[in-house]
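Presented sequentially are two complexes of subunit A, the first with subunit B as partner and the second with subunit C.
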Partner chain A sequence: MSDWVAACAAGDIDEEDVMRFDHGGRTFAIYRSPDDEYFATDGLCTHEKVHLADGLVMDDIIECPKHNGRFNYKTGDARGAPVCVNLRTYPVKVDAGKVLVQIG
Partner chain B sequence: MPTMPSRRDYSLIGRDAKLAVETGLSAAEWYHTEIPRKQMKELMQRSDGPAIRDTLIWLAALFISGAGGAWFWGTWWCVPFFFVYGVLYGSSTDSRWHECGHGTAFRTQWMNDAVYQVACFMIMRNPVTWRWSHARHHTDTIIVGRDPEISVMRPPDLARAVLGFVGVLDAWHAMSDMLRNAAGNISAAEKTFIPEQEQPKAIRIARIWTAIYAATIALALYTGSFLPLMLVGLPRLYGAWHHVMVGLLQHGGLADNVTDHRLNSRTVYMNPISRFIYWNMNYHIEHHMFPMVPYHALPKLHELIKHDLPAPTPSILAGYREMIPAFLRQLRNEDYFLKRELPPTARPYRQEFHDDAVAAAAE
Partner chain C sequence: MARGMVIVGAGECGGRAALALRDLGYEGPVTLVGDEPHPPYERPPLSKDAMVSDAPEIRAIASDEVLAEKSIRHIHSVQAVAIDREAHKVRLSDGSVLPYDKLLLATGSTPRKLPMPGLGRRCVYLRTFADALAIRAHLRAGRRVAIVGGGFIGLELAAAARKLGAAVTVIEAQPRILMRGVPAEIAEIIHDAHVAEGVDILCCDGIASIADDGNEVRVTLAGGREIVADLAIIGIGAVPVTGLAAEAGLVIDNGIAVDAELRTGDPDIFAAGDCCSFPLAVYGGRRVRLEAWRNAQEQGALAARNMLGAGEAHAAVPWFWSDQYGLSLQIAGLADEGRSIVRRDLGDGAFILFHLAEDGRLVAASGIGPGNAVARDIRLAEMLIAKRAQPAPEALGSQAIKLKSLLAA
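Then we have the complex of A and B:
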C-alpha cells in the first residue's frame, strides 16, 4: 500500500482552483472544487505534457492552458479533442489542515 | 530572373519536420510573460454573455444582408447586401471557428461546439482536421515543417497570397480535401496531426458537407439561378478579403523557428468593425502567449503585459507598410525577417535567437 504524502495546506488552494505539487521526480495537480472538496491527478496534460496547474478550473473541469483540452479532474476522463487519453487520478484526504495524496 | 530553390522544407513529413523534432524545436517550452495567478484566473474566466451578444448580432446581420441580397437579386442594389453578407460569411467565420475551437468564446461548451460547426462549414475547414492542425499551430507556431498553418512561406509566393484575398486557392484546396476525405482518404500529412480515432469523424463531416454542396448546386441548376450559390459557398470567395487582410498580419514577415511569440507574432491596433469581425485576434501575441484568455478579455490582457511586448503595430495599413517590403526582400533572401525590438521594460529574448546565422539576416 502506498503512503499518503502531504501536498500542501488546505488553505493554499483557492476554491475552484488548482495547484502544482512535485514529489519524487513526478508532478501532480491538486484541485479544490467549488464544493470545497480536494482531488489529485497527474500534473501534465496527456496531450502534450503541459502543466495543468497553469490551467483553468471550471466546476469539475480542468482546462489545459496550451490547447484548451479538458478533463474531469474528479474522474480523470478526457472530454474531447485535443485530449484523447484520460488523466490518472489519486486518492486525496484532508487531515489536520493538510491535503494528503496517496501516490501509487 | 531565376528563382533560388527554398532552403526551407515546409512538408509536415519532410526534412525540417524531422530536424525540428530532433533538435527540440518542436514541442518546446515557449516564453510567456509572468502574470500573478490571481490576475490570470480573472482573465481566463469564461462568460456566455459577450459571445451570445456578438453571435446574435452576427446572425441577425447575416440574415438581413442575405435576405436583402436575395430580394434585390438581379439589380445593382444587391451588391452592398452581398458585400456585407460575404464578409460575415467568408471572413467573420474565420475568427468564430478559431475562438470556438479553443472553447473560450462561450462558457457553455455546446454553444462553442454549435458555432464552431457552423463557422467551419462557412469557412470551408473540416472541423476535425482543423481542430488538430490548430493545436499543432499553437504547439509549434511558425516552426518550419511542423506548423501546418503557415500562411506565407519563404520565399513568399506572392501570387498565392494575393489570390487568397478572393479565396480561390483556399476554396479549391478545401473542396479537393473535402472530396478526398469524403472518399475515405486521409492524407499522410493529415495523419501526422489527426489521431487515428478522430479520422473517421473527419470523413463523416466531409460526406455531410459534400451532400450540402451537391444539394445547393442542384438547386441552382433547377432554378437556373446563381442565387443559391451566392448564399452558400461563393461567399467564401467574394467575402474572404477581410480575414485574409487581417490574417496575413498575424505572423507575416516575422521570424520563424523561434520559441518566443514576441518574435514571430504581431499585435495590431484595429478599428472596431474589424475587431468585431476578427473577434480581437489582432491581439495576436497575447492570444498565442495565453490561448486560455477569451477574445473579449484580450484588450485587458494587452494592457497588462504590453510592457513586456514589442510596440504594437498602430494600424492595418502600418502592418502592410512593413510587411510588403519584407516579403519582397525575402524573394531575394529568404532568411530576411522583421526583428521585433523590445521596450526597456521587457524581459530580453533568449540570446541564442540573436547569435545564429539566420538572425543575422534580420534588421
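Then we have the complex of A and C:
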C-alpha cells in the first residue's frame, strides 16, 4: 500500500471547485464537492491530455476546459463524447485540515 | 425489413451520428458514406497539434475496428451523387444504390476558392488530412509561406508554420484580422502575438494577381506590394456542401435549410453540422450556419435522436475555440447580437468580454488568455446565455463576484 500524500489544505479549494496537485512527476486534480467532500482523479483529460483543473465543476461533474469532455469526478466515469475513457480516481481523506491522497 | 439509416458525410458530424444511433439502441442497418479514405476523424488538430508534429496522425472518432464492432458500415472514398426521394434511395459514385428509411446529410463544408486565375500546385487549401500532410511537408526553416486570409485557419497555420521555422506573411483584405465574429480588442492581442513571433501581417490590402509557376508563388497586392513564397495557403472561409441536397430539390438557404429538429422539407431527410442552416432558439429563431467542431458533434447526436423520433429541438449556444502559440480564445454565443460590452479581467492578461443586448440580456462572451485561463468562465457564460439571463454589468465586470453565483439568480 502506498502512502497518503498531503495535497493541500482543506480550505484551499472552494466548494464545488477543483485544483491541481503535482507529485512525483504525476499530476492530479483534487475536488471539493458541493456537499463538502473531497475527491481526486488523474489530472489530465483522457481525450487530449488537457488539465482538468482549469475546468468547471458542477455538482459531481468535472468538464474539460478544452472540449467539454465530462466525467463524474467521484467515480471517474466518462459521460459522453468526446471522451470515452474513464478517469482514474484515488482515495482521499481529510486529516487535521489537510487533504490527503493515496497515490497508488 | 428495415432499409436503415444512411449518413452521407463521414466527418465529425456523420461519425457522431452513426455512433449515437447505436448508443441509442438502434439495431437496423447504419451506413456511413464518406469521400475520404479514412474513418471519421477530428479535424481541429489539422491546423494545430498535428501540423507541428513530425509525423501527423489521424485522430479517429471511431476507428475501423470500432465501426465494425458496432456494425456501422463505412463506405469510404466515394461520393453520394443523387437522392431519389420518392424511392428512398441514394446513388453513389461507384454505381451502388443504398436504400434508406431516414437519411442524414452531414456533407460539411469546403474551403472557399479564391476566384482568380494563376493558382497552381503551390496554392493550397486545408480541409482534409491529406491537405494537412501536403502543407506539413513545406513547413520548415528556410521556407516562405504566404497565407491568404486572416481568419482562424490562416492564423492557426501561421502559428504552426512559425513554430516550424518558416517565414510567414498573412494577407488580409479587411482592416484587421478576425473581422468576423471576434471583437477588435481580442483580435488585437492575437495580432500582436503573431507579430511578436515574427509573422508579417498585411491588412487592408486585397490581392491583385497571383502567379504560380509550380515552384514559387508570386502574390501581387492591390497596393503594389509583391510577396514571393514557396507555398500559398488560402484560408478565406468555407462554403457549405449543398449540391446533393439542391439536386434533390431541398431548400438551400446559406446551407441546407432545416428546422429546429434538423429536418429538411422532406420528413425523412435531415441535415446537420457545417452544411446546414438552422433556427437558433436562443436568438429568437435567427437562422444561422455554424462551422464549428462542437456544433457538428452536438448536431450529429441530435439528428440521430430525431431520426429515431425524439422530436427534440436544437437548443445549444454556439461555442468555438482557437489555439495560437500559448494563447487560447473561446467564444460562446454570437457577439454580433450585442450592443454593449463589459470587460472582466481574470489575471495573467486573460480577460473576457461580455456582450449584452439592449435589454441587458447576455448574448455572447469572448475570452482570451494563456492556456485554458478563460475556459471555466466562458462555460458559465454559455449557461447564462442559454438561460437568457440579464446579469448586472457590475457583477460581470467584477472579479470578486463569482460567475457561478449569477447562475443561481
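By definition in this document, the second predicted complex is superposed on the first by the 104 of 104 C-alpha atoms of A that agree within 3 Å, B and C clash if a C-alpha of one lies under 4 Å from a C-alpha of the other, contacts with A are read in each partner's own complex, and residues count from 1 in each chain.
Here is the rule we use: a contact is a pair of C-beta atoms (placed from the backbone, for glycine too) under 8 Å apart; a residue touches a chain by one contact, two chains touch by 3 or more.
On a predicted model such as this, the values are computed, not experimentally measured, just so you know.
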item: Combined model on subunit A where subunit B meets subunit C, clash or fit; value: clash
item: Partner chain(s) touched by A:Gly55 [first = subunit B, second = subunit C, both, neither]; value: both
item: Partner chain(s) touched by A:Asp42 [first = subunit B, second = subunit C, both, neither]; value: neither
item: Partner contacting more residues of subunit A (subunit B vs subunit C); value: B
item: Touched partner set for A:Ala81, first subunit B, second subunit C, both or neither; value: both
item: Subunit B versus subunit C as contact partner of A:Arg70, first or second or both or neither; value: first
item: Subunit A residues contacted in one complex by subunit B, in the other by subunit C; value: 54-56, 63, 65-68, 81-82
item: Residues on subunit B engaged by subunit A in the complex (per definition of touch); value: 27, 40-41, 44-46, 102-104, 107, 109, 128, 131-132, 135, 138-139, 195, 197-198, 290-292
item: Interface residues, subunit A side, partner subunit C - complex; value: 16, 50-51, 54-56, 63, 65-68, 81-82
item: Of all residues in subunit A, those that touch subunit B in their complex; value: 14, 17, 47-49, 54-56, 58, 63, 65-68, 70, 81-82, 84
item: Partner subunit A, residues of subunit C touching it in the complex; value: 16, 19, 42, 61, 293-294, 297, 301, 321, 371-373, 375-376, 379-380, 404
